[in-house]
Amino acid sequence: MTKSMFLNNLILAIIWVMATGTLAEENFIFGFLISFGILYVITINKQDRKYFTILPKLVSFFLFMFWEIIKTNLVTVKESLYAKSKLKPAVVKVPLTVESDLEITILAIMVSVTPGTLVMDISDDKKVMYVHVMHVSNKQDFIDEVKNKFEKRLLEILK
Amino acid sequence: MSLQEYFHFIIIPLLGISVILVFIRFVKGPSLADRVIALDMLILISICIIAVYSITFNQSTFLDIAMLFALIAFLSTTAYAFYLEKRERK
Amino acid sequence: MRDILIMISSTIGVLFIFSTSLAMLRKPDVYLRISVTSKASTLGVGLILLATAIFFNEYSVTTRVIAVILFVFLTVPIGSHMLARAAYFTKTPIWGGTKIDDLAGQYDPETHKLHSEKRNTSVRPEKTDKPS
Amino acid sequence: MILAVLSGFIFAALVPFFSKYFKKAIPFVFSALPILLFIFFISFINQINLGSHLMFSYSWVPSVGINFDFRLDGLSMLFALMITGIGSLVFLYTANYLKDHEYLDRFYGYLAMFMASMLGVVLSDNLMTMFIFWELTSISSFFLIGFKNEDSASRKSALTALGITGLGGLVLLAGIVILASVGNTYSFTELLSSSEVIKSSNSYHWIIGLVFVGAFTKSAQFPFHFWLPGAMKAPTPVSTYLHSATMVKAGIYLLARFTPLLGDTYWWNVTLVTVGAISMIYAAVHSIFRVDLKSILAYSTISALGILVFLIGIGTDKALLGAALFILAHALYKAALFLITGIIDHETGSRDISKLRGLQKVMMPVAIAGFIAALSSAGVPLLIGFISKEVMYEASLQLGQWAIILTILIVLTKILLFVAGFWAGIKPFTGTLPKEFQKVHLPSTLLWVPPLLLGVLSLTFGIFPGLMEKSLIQSVFSSISGSETVIELKLWHGINTALMLSILTLAVGFAIYWFLQPSEKNFQKTIRFERISPEMLTQDFGNIFSWFAGFWTKFFQNGYLRNYVITILAFLTFLMGYRIFNGVKIHIDWDQISEVTPSEIIVVVLMIISIFIAIISTSRTTSIVALGVVGFANCLFFLFYSAPDLAMTQFSIDTLTVLLFMLILFKLPKNKTYSSKPIRIRDSILSLIFGSLIAILVLEVFEYPSSTEISKFYADNAYVLAKGRNVVNIILVDYRASDTIVETVVLVIAAIGVFSLMKLDLNPVKKN
Amino acid sequence: MNNILVIAPILFQLFAGTVLLFFWTKIHLQKVLSILFSVISLGLGIWLFMLTWTEGIQFTYAGNWDAPFGISFVSDLLSATLVLIASISGLAVSMFSVGTMREERLKFGFFPIIHFLIMGLCGAFLAGDMFNLYVWFEVVIIASFVLLTLGSTKSQLEGAIKYVSLNLLASSLFLIGIGFVYGLTGSLNFADVAVKLSAISNRGLINVTAGIFLVAFGIKSAIFPMYFWLPASYHTPPPAVSAIFGGLLTKLGVYALLRTFTLMFGGDEFLGIILTIIAALTILSGGLGALLQKNLSKAFGYLIICHIGFMIAGLGMFTEVAILGTVFYLFHDIIVKTNLFMMAGLVLKINGTQDITKLGGMYKSYPLLSILLSIPLFSLVGIPPLSGFWPKIFLIQGGLASEDYFLIAFIVLGSFLTLWVVAKIWAEVFWKNAVNLPVKASGLYFNQLSKTNQILVIIPIIFLSIVSLYIGFAAENIYVLSEKIAADLMNPQKYIETILGIKTVLP
Amino acid sequence: MEILLIIIIGLLHAGGLYMLLRRSMFKIIIGLILLGNGANLLIFLLGRLVKGHPPVIEDGMKMFADLYADPLPQAVILTAIVIGFGLQSFAIILIKSVYKVLETDDLDELNSTDEEI
Amino acid sequence: MKSLLFRTASDYLLPLLLLFSLFMLLRGHYEPGGGFVGGLMASIAFLIHSFAHGLKETRNIIRINPMTLMPIGLMLTFLAGIAPWFINEPFLTGLWYPEPMRFIGMLGSALVFDIGVYLVVIGATLTIMFSITETV
């Protein structure tokens, strides 16, 4: 549904550009925003309305990821200054709720940018993900973190 | 301190030292994966170097080279992985 | 003002790069090194590219910078994953400090199939205490 | 005239056609050729009898001065008549001798080819054309000697003959080219006028030396003589035609021809007399120790040729006249003897002189021919041999201080040849016919008429020397000597020293013939000396030469790529080093050198270390990854120094190369260090020298200011004319797009090559 | 004269190769097309030759960029003749390979590559630019690599390793040489480089550069001491491939030496001495090597080396008549060597082996064919008046003029060794009775071929034999041609003036 | 800087030659690649070094206003690199085929075609 | 390779990279890039895809055999080269449409030429790489 809405939005933006006759990037963005507003006003169908909530969610998701990445890197900076004595690496099996390939991939990328983690592989039946972690004090804590922090947010956007 | 000078005296030397550090890892190995990841890192650093050069010489076209570097770094990583797996299977 | 932004952004970026390089040298096994590289570098590269985008302040440059950053963010984790996986297959030694290894014995040595339930195949790297 | 000369080739070329349609008629068609030619030549005889000559010119390669110019004078007339006359007889004789032979057609082809070549040699006025025919005689004789090509001995003698005469020919070629370059023409007639210039030129000794080698090899003079006895493996008509009457006389012809041009100098005379004397004695002695008829004849032929060289060497009018006469006399009797030998061989199956006896009972006409030929050979009065012998003796007696010794030599030779001639011509026919030959019968007319005819001619000319004197010998003499002296031939000169010597010759010769029986035992005695004979020495030389060939070839082509590389680069290093230390001045202009930044130093260090790793690493993968770093550092240089296109291309291609390596690497065996440490040290030293030389050169060239005109043109017109901004790309797709097309083709071919290497495998499947 | 169609012979081959690539799997169509294209390109070769003959140097500036800026293609008489001869050989080899090559090999792009190879040769002959020459060289070598290894038999691969390594080394040196030339002159155009080099006072530097080119081209032309790859590899590929290799590839190196050493680096005394020594030792090495060989193709391979020595001898003497000899020999040698290797291939097809000791009886079983085959054999020896004879006269004359007497001796020696080898081959292969012929491992025997294929095997041999007979008997024409070429080569002003369009004076 | 580059060029040539003198086919190829790199750098250097001014005309200009690097050597090297890639890839695959058929990497065992018979 | 992550990522990378390669090709005349680099990029894109999905699938996506791309590309360069002959100009003379196109720039034979190069590079590189990976 969101796809067709997005398409509608796009077509309207193009029509805007054609109508105004100015083929510039700014104009296109402007047209997109205008049509977004129009669509927001005229759409009643509940299913279709998801399109309008997903955008803010997406933005907040990106901001979240950005923060995570910065955090990750700061940790890494810290890490690189320590000796190895503080390391407690482990390869942890994390069960997956997400199903499709794309979802799994996005999740994996997200996990990868968290502090001290590295996705080793996904099992062939797509049920678990093996993650190499730099610091594991409690295995289950880590698994929960992955599931709550990343998987949930991901599912929110995609479902 | 001008931007150019700042880049010349701070950024580039730091990048240079990073290159050396990574290169030491490259020389030390010991496994092929180590060397590959070092090479990967070298390429990433060189992307930074390119970016810095494009600023100091005011040449935005260098950025495309950076893009190409990133792309190829990915190819080589996958290729090594491919190789390692194949070698193991043999 | 723009110059300051550029300086800050690039400095942080370079520091990330530098620390990653240092970490690469110091981490005891290959998995840890891969792990380190796949993160700091991404942000380092991203920030420095950001500095460039600010410097040129041009639409086309900005789009290209965004493209590069996106690309790096997409490929580096995947690449690291593949390298780590391959290293594991080839039984590249894992640091002795690695307490838990759920992956050990999970790969089928012939088909490279990865199982989700507990197995006990021969695919498990030996542990080493000597940092390399 | 050209048709006359080349008709033999035309006939030879038609052999396949003939043998397909008229195989039976071949002997007759081909025999008609020499007969017609004989008549053709004899029709000119009146026009040249006063020492004049006829010229026939046909243009061929006029720019080089090589044309078909034919000169018909006494000398060439004599030879032309011998070639066609004896040719006629041999052609006829062959018809029966090789009757029903499978390859008779080919044989006639070769013979015709040979005859034409021989005519070409003696008729050509142009020295190069003469040389061409000269070589063709060698080739056609190669085919004739090797006619029984399934027999290995036959092949071997054909090879030997070709080897000796071929080498001689090449030497002669050099001589002729030098001669022509001194005289500035290939035309003999024109050269004659500059005879004195040539004789006094610096190259004169070279010229005669080279010409002598050519002549001696062809005419089987010591020490090149040994191919001739070997060539007796050929069928008898060949021996008759080539090895007695014609081809071997080509050398004599050459010497005679050149006498007025190059002769009459100290070295000319001394060399010829010495070589002639050695050959005539050496071969004559050999001839009486042989038991095989053909061997005897072969050696006596060598000896006779020696006499001719000797006479030409003496060079006086008398001697030259003697030579002229002896050429004819020898041709007549020796050809007859060969033909007779052929008949005997043909009928009895044996050529062993110690066994052949009493054949006159069964083949009287042959015996008569043999008798006459032997007598002519011995120089018995009333035969042409006598006349020539008398002139010879007179010539040698006129020589002042050298007269005695030279006369003794020639008399001795003549005595021995007497014996040889008698053995060949008389001995088989006398005595009682042994049982084994009872069934032998007279061969067909075509076989015995030719030798008899030759005998008749010997007799005719012997009794009536005037017949040939005016018509032929006079003009022969004029063309050899170049003088206008009128000669006179007589049967009877009165009693003089020459006659006394003649009588002595006959008496001693007969005595030896009477008392000395040819036997295998005597032959064995000479074997002892074989070890130091020229033939054996040549063989030794050949062996040493092939050893050397093997050594040289194996030394360089030793199978080891690294040695090849060392050799090549050592050579290059030598070239560069020599020049650098002799002429290149090295100076560094520091103003041109740009400063170094730290980041560049880092890249340089990176590169250097990676080069070392790539070289010394024991792991292949490490080498390859290091190679990748080398390429990567290279890219950074390109980047620093304003070559973005290059950096991109180099980087992508380096990665692909490394990838390729990776993909094939695990198919390779374990990496091993094969070479030992000293070798590695040697290689590193050589490599460093090479690298340093290159570096020095680069520095020097770098210091040299070069023009920037072209780059400037590219840059200035890039936008205006080629409508682009990236000059490198414009060079690639416009200024120098031709390079780019080719480059894409290279890629295409490489791709096909890789594809076929991977997919096409013609190797038989290996068994497990 | 400026003529935009000068490069037609090259482009046509490019077109031919490309079209053939479209019909990758359709072998039969490829066969027909290849012969057709070769005939047309022969026509183009004749056209270009006649044009150059009647109207003088033809050239075009690719991209309409005048020399020295763009790449010029120049057809002087030497180039035009070589293009013509290359297309003659190309036609012969195309037919011969249709007749003899195994289907498996043809399926892997044999014909396109042959056409690309000929394109490379024509391009190299017509190139008026140093780097352009380099790229043409590369086309030729990569095509030769592929042809050499096509089929990957054991011996092919073994030979290829050496061939590939040394040829790549040569390319690398060539590139270094180009770098030096560019560094010294800032130009790549032959004519322009010649003018600019002549103005440089530091002769030592130029001579070192010349030395590098000597080695680079020397490796390609298989001269002493750089010929090693040739005996290691030339006998290994299928005969059709050997034929084109034996005929044309080494001659490309000779051409390059001729061009550069007359136009740019000529007249240096030290290099002259080096060249004469090289020539003598090349003749010697080739001759000695050939003497020992028991394999027909290997013997011919060594003879190639020997005769390259003859050509280098002319270059070493460096007089007009000697260059004439070299050029004449070049023309003769291409035709005859191509023919000889085809002949060796035919012998192989008939008997299943090329081992001289085992072969025999050809004369008995194939008399007419034997006589046909004797033509290239005896032309090679230079039995007068066949083609190999004439150039020797000029080489000897050249040696006299330059007083290189020892070179004359070596030419005589080389000729004698050739004579001996060929006579031995004749005696063994044609005269001797064959005993114990080994059974051929793979491929068809001659008599198993279809009638058409048999004819296609014989026709090219006849064709080339006729050409070599023509060279021999119509030596006048070839002489006049070679004389003109030699005069042009020794006096390059005309070339330079035509290309650069200016009056120049070379010192 | 040029001096340093010249040293590298020398080293590349020395290294290339050294590798060409090894007995392993693999090393031969490495040597050839090193030589190729050396030759490219050589041409690049002899075209003279210019820092930071690629031969790309700026937008809105018709000609170079400033200094620019010599584009010709760059184009030449680019062509040489691509050609080199074709040749090298063929050579690399050749090693593999040789090993597949002859089961050795040691050149000393690959000299049967040189033997005189 | 049997990596799910890689496979999925490569699906999205392929169009991205192809886009980039076309971009490189088209702007080569004005900025660094051009037929070679563009072609190499495209080949690398397909190569990565083939690593992830196996050759068969990549071949399916390309549809046309890379082998055939080579003669097509060669033919384009050839035609771009000889086109000037028809107006009696030398081989490879640049022919230009007088007005520049938006986004692409000047249209002319040089562009056709570069596209030819692009196709040949893709064809050749893929042929090389594919035939090796196929037999490895």
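Per-chain residue numbering starts at 1, and chain names A, B, C, D, E, F and G are given in the order in which the chains are listed.
Everything that follows uses one rule, which is that contacts are C-beta pairs under 8 Å (C-beta built on N, C-alpha and C of every residue); 3 or more make two chains touch, one makes a residue touch a chain.
Predicted model only: the values in this text are computed from it and were never measured.
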| item | value |
| --- | --- |
| Common touching chains of subunit C and subunit B | G |
| Number of steps on the shortest touching-chain route linking subunit A and subunit C | 1 |
| Which of D-F and D-G has more C-beta contact pairs | D-F |
| Chain nearest the global centroid, as defined over all protein CA atoms shown | E |
| Most remote chain, CA-based centroid, reference being subunit A | D |
| Between subunit D and subunit B, distance of the C-alpha-averaged centres to the nearest whole Å | 70 |
| Inter-chain centre distance, subunit C versus subunit D - centres from mean C-alpha coordinates, in Å | 78 |
| Approximate Å spacing (C-alpha centroids) for the pair subunit A, subunit B | 27 |
| Subunit E: positions in contact with at least two other chains | 14, 17, 21, 62-63, 73, 131, 135, 138, 142, 145-146, 149, 152-154, 161-162, 165, 169, 176, 179-180, 182-183, 188, 228, 231-232, 289, 292 |
| Per-residue overlap in subunit F, given as positions that touch at least 2 other chains | 20, 28, 38, 40, 42, 46, 51-54, 56, 72, 76, 78-79, 82-83, 86-87, 89-90, 93-94, 97, 101, 107, 111-112, 114, 116 |
| Multi-partner residues of subunit C (at least 2 other chains) | 15, 20, 22, 34, 44, 67, 71, 74-75, 78, 80-82, 84-85, 112-114 |
| Every chain pair in contact, whichever chains are involved | A-C, A-G, B-C, B-D, B-F, B-G, C-G, D-E, D-F, D-G, E-F, E-G, F-G |
| Residue ranges of subunit E in contact with subunit G within the complex | 4-5, 7, 11, 14-15, 17-19, 21-22, 24, 60-64, 73 |
| In the complex, subunit D residues that touch subunit E | 16, 60-64, 66, 106, 128, 131-132, 135-136, 139, 142, 146, 149-150, 152, 155, 158-159, 162-163, 166-167, 170-171, 173-174, 177-178, 181, 546, 548-550, 552-553, 556-557, 559, 561, 564-565, 567-568, 571-572, 575-576, 578-580, 582-585, 694, 697-698, 700-702, 704, 706-711, 713-714, 734-739, 741-743, 745-746, 748-750, 752-753, 755-757, 759-764 |
| Subunit G contact footprint on subunit D (complex, rising order) | 644-645, 648-649, 652-653, 655-656, 659-660, 663-664, 667, 721-726, 728-730, 732-734, 737-738, 740-741, 744-745, 747-748, 750-752, 754-755, 758-759 |
| List of subunit G residues in touch with subunit A within their complex | 2-5, 7-9 |
| Touching residues on subunit F, where the partner in the complex is subunit E | 16, 20, 25, 28, 32, 35-36, 38-40, 42-43, 46-47, 72-73, 76, 79-80, 83, 86-87, 90-91, 94, 97-98, 101-102, 107, 110-114, 116-117 |
